[in-house]
């Protein structure tokens, strides 16, 4: 615990940089116009700082345009999963009607052993190359776990004496559920979102890598890794550059999530 | 005879803070030495030094000699310390329940210690016998969670005894015990001392110390302020039993035929057919053994326990469960939780949470509410500075008083207090009692739940004795305390006299069946 | 306890039925059917139509499902629409490789993760702990396929030390085939598991009962082995059961890259070729496995730490 | 690398050893029944164990195989095939009855998946007969001078009379069956009594794997032969020394197909505009990585009957724009339907979209399912990707360009074209026939819906140990001739 400041700050800067670079590339990359002339496949020629890919496209340009799907689909999927699953979980936890709770949660229990792989491949095959469909599929396989997590966290908070005390003070519904229950759920949810986003990035990337997802000529990072890997020995950057972007994002996010988990755990220890 | 433990000029520092400051004491075989003092006075820190143990960031100085081995010298703990652990000094921690490995059968834990310290001897059976536990195979094969709280405490004792130590250190062994169980503990410890064991007792329960100790060391802020025989302790005070008064007005809160259960449709009731009534300005005391249903009764009245049948009325009108109460009904009936720490939001300052009551239930402005909160807390001995912190930074006693203030800010007509003095020392208790007395004179009715019969007798006008969810006995405190008519009441009252007069013969343990494992 | 088991079994049966319906509906929604998949440039539309009739695909979906369900209850998983062989054969043929792969991975992962987790946990926030944490964290951040691509390029194509594909190899004669696939699957699982074990170890080490056992003179190694490990293992076991699903995703990538004729490949092939009986059969097997694993994990945890409430 | 077979032919052939050849796998779709084959790997597998009456030469001209020679009547309606002295793996000698049984089996209406049913639909089984043990007479309902080529098509293997169980293969081929697992492998052993000289290798393993695994296997020494390799792999392999590339020049055809009955391609000007706007050289450079020849909107460059005298179509953007403007489709958005079904499809479509953009046309690439692409191409999208393997030109026309063709992806339905083709097919004089075919192809090139932009080399990777692999197009006699190769 000595010199916590030094130890804590350096990785924060590192992990933040790791996350921010791919994120910026994903958000602003498509607006950058490079004017790179198309070349021949797998060239390491001048004019292409990172060489060309299997279609003769500039790898740097691909890097700038390929993040939107690679990260966007994953982030979108997690957002949707939390929107749906979080809502289900919160409602199930806060309802006084046992049947409503059962109605919301039981079906999810039944879905739990459904292999997410199957769902995603079915959707991917059914709606060829649709980013939206894959995003929704990835979201769908995450809904049951998210719902259960949120419900458990909310239930923990909502059934405790704190809520009783707040009710004894005639605190408003909003005051209780947003002010206290929501805030108590936030800790576990934040920690979970961290890992869930990296998992979603992996899942989306794997689907695209396997050729089940986006069109094989899409500039997406995972697609690039997949399609260009046969040229790995001819022009390594076509594979390594997008791979590094993905890794930077997931690694940075992992580090941030780890830090968050540590923080919440330390807080829990203090309060115990 | 030489002392088993000789502590000389022991000091402990946490950073620059001095936790223990030049403490001396001895433990003799066959005798009980007690370390007493307010919470935070350094009792645990001093006792752990016998094992050469200390908390994070804490440094020990001075000299501790245990059975001839120096375990702490001027450079802190020595390598000899590891050798005395278990075999020479066995420590029973402050919360023995959590000191048992939930994943191991108790037999495994006991036999492990036997093999380590006394291989080949049958010390386990003997230790269990001394801890008044059966030593059959079925008991040994159970997991800790399959025992009641009191039994768990005795298992921890048995573990310590399995090491066959020469010194037994007991840290606050009586917290949370009802008077009967506490009395059993006294008997067990006296027997052990009689067998030649040296006992170091840490407690702020002065009655317990009076009943056990030959030597008493009083600590305050890490320093010894007095030491000697039990006579250094203040005289036991028997709070005067006030005669019942003011029976004039109509009943304010009434409950008729009240039953409650934790399972749906009233299965396995934990409260059965209770009738009670409280008049304005009066105080109803509720006593009973642990697990008898006192809290459940209180929660029914407060409207928090929804699975109940029967009728509760306020001013003659039906009083529904909390979420159906009107704002006015809500304000008029307030409840103070038994487990206070759990009833505060960890993320907000305590003061805000206290003041919130006045804002929500009495529509006061923010500043006004806060001023009132500060004033009430101050009367209870909690400064605004302390209350501005989040709950985790308050001591148990401070929090208990804050919870009371939180309820009082509603200016309730009925206040239900569930063991609200357990974490308080005598001064704190006096502050609370004084404030509540003042309120009753203004017409507030109290429902007072407590293990401390003396206190109940002092504050209550009428007493209910609850046993297994039923009212076993009721009447004026004088009558119940002096001429108890039921067995439960008799046992509770007799056991409560520990430390005030020579202890009665140890009660048989076989009667303790209330919390058998399922 | 008994009613709990009955409840659990009933839920499992319900889960299987609902799953089957769901899988059937999902795959039926896909455009095209198995007959279309067998369409080649040389088959006339008329030939395809006759084929569809022969496969029974012209029957209403509900009827086909009921028929399938009836067969399953009699222990018959049906025949593949594509190869015409029994589904059971396909399941058997594809399960082997995946099971070998998974078991090999677990055989490496579990001891490694437990050792690392305890090592890290006992040196909480020490230099070693930080180093190992960083390495496992970094490993877990690299997508499986990136690891695979890089490892193959390095160890197979550049150095020529390890085989890059199972094609043309015989696992029994050449167990080296397992090295790269297991290495790929290892990273993330080791990280997840060891972190759980680490957290469990730290929790256990701080637990009052471990402190107390030490006070009563239990020596250090015994403390780790008998008091810390069982409690530390619980989150690990639960995590292991939970990672089953994500592990399968990794297995698919690994199977695809190393051309391993395994379960995940068969499943995706089945979906792609609309071979419904095969998809249904594989899913059923997988779901049963998942249910059994979860139940097993619960039982193990309950054995390790009886307090973990079964009914939760 | 290319044509690696010829210079090694001089080296001393060796005897024995195990050859592992990897082909693109088909999973559960792979079959053992020679009459149901559709994949390269099936064809290779069946070639190892079975033979046809007729095979195709390197220029896709029919060459004798189990039939020593053949003789049509004047109308090309009745054909007499003289059989070779060959023995089946069970010791039985090939007879006319085997041929008749095989033809009947291919045509069995109860087994709709037998692939030769439509191509051999004109064989009148009731009037076919065995003249003697070694001579068989086949009668057609419609005369056809190209009939021998049809007998070289896929799914036309000769099986033993009474052959019922395809899981116990018995053929006349150079290898005898040992084991088979669909989607994984087939093992076969050298057949010592093979009529064309027993194989040199002892054991043949035919394995299934996708492109990456094929590359890894042959590079890692886990296979000696890998079929159908990509240009990128060829580049990589040529940089190393472990693997040789055997490339057959321009053996297949890559094209875009436009449906001539759907707008805007029902307008011949639009079709021509597309043919003019395509930058064929860039397509070949990028999609084929330069390993192929530029196409001239016709199938089968270098094959028998290919009109080699036609001028190469060049890119003319201005002309294309003018035509598009005339047709009123400039600045309209169109959709090109493609899929990952074959290497280079999506890439080519993406490039074409770029090139169309240069001509002022928005072309959106839609990627469909690879599994159903063959079927989808018939119905979906006005323009799509198309690839055709090696086959005789008349067969290509029969399968794809007649009103009744099962796989008429351009919806090219012209009664006059049908009639002219039918008239040409009955001509027994080869030069006359060639002239007629030439005319038909000329009209196709200008009016048809096929934009054939390139002829990729067909590449096979062989390990340094493997000798005797010929650089020939797939589907021809000397491709997958594992009885001719040897391990050094």
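Brief remarks on what is shown
To keep things simple, chains are lettered A, B, C and D as they appear, and every chain counts its residues starting from 1.
The rule is simple: a contact is a pair of C-beta atoms (placed from the backbone, for glycine too) under 8 Å apart; a residue touches a chain by one contact, two chains touch by 3 or more.
According to UniProt, the chain labels map to these proteins: A, C = Binding-protein-dependent transport systems inner membrane component; B = ABC transporter related protein.
Remember, predicted model here, so these are calculated numbers, not experimental data.
Under the touch definition stated at the top, chain A and chain C share these contacting partners: B, D. As a whole-number value, the distance joining the C-alpha centres of chain B and chain C reads 51 Å. One simple way to say how far apart two chains are is to compare their mean CA positions; for chain A and chain D this gives 46 Å. Per-chain Cα centroids separate chain A from chain B by 48 Å. The distance from the centre of chain B to the centre of chain D, with each centre set as the mean of the Cα atoms, comes to 90 Å. Looking at chain A, residues 125, 229, 233 sit in touch with two or more other chains. Looking at chain D, one finds that residues 212, 369, 371 touch two or more other chains.
The set of chain B residues that touch two or more partner chains is empty.
Inter-chain contacts, as defined above, occur between A-B, A-C, A-D, B-C, C-D.
Within the complex, the chain C residues that touch chain D are 31-32, 36-48, 50-51, 54, 80, 82-83, 85, 90, 93, 152, 156-157, 160, 163-169, 256-259, 261, 269-270, 272-275, 278. Note for the complex: chain A touches chain C at residues 1, 109-119, 121-122, 125-126, 198-199, 201-203, 205-206, 209-210, 212, 222, 225-226, 229, 232-233, 239, 243, 246-247, 250-251, 253-255, 258. Residues 160-162, 164-171, 180, 183, 270-272 of chain A touch chain B in their complex. By the touch criterion stated above, chain C contacts chain A in their complex at residues 11, 14-15, 18-19, 22-23, 26-27, 29-31, 125, 133, 137-138, 140-146, 149-150, 153, 157-158, 245-246, 248-250, 252-253, 256, 264, 267-268, 271-272, 279, 283, 286-287, 290-291, 294.
Chain D meets chain A in the complex at residues 211-212, 215, 230-233, 235-236, 239, 285-286, 289-290, 339-340, 346-347, 349-351, 354, 365-369, 371.
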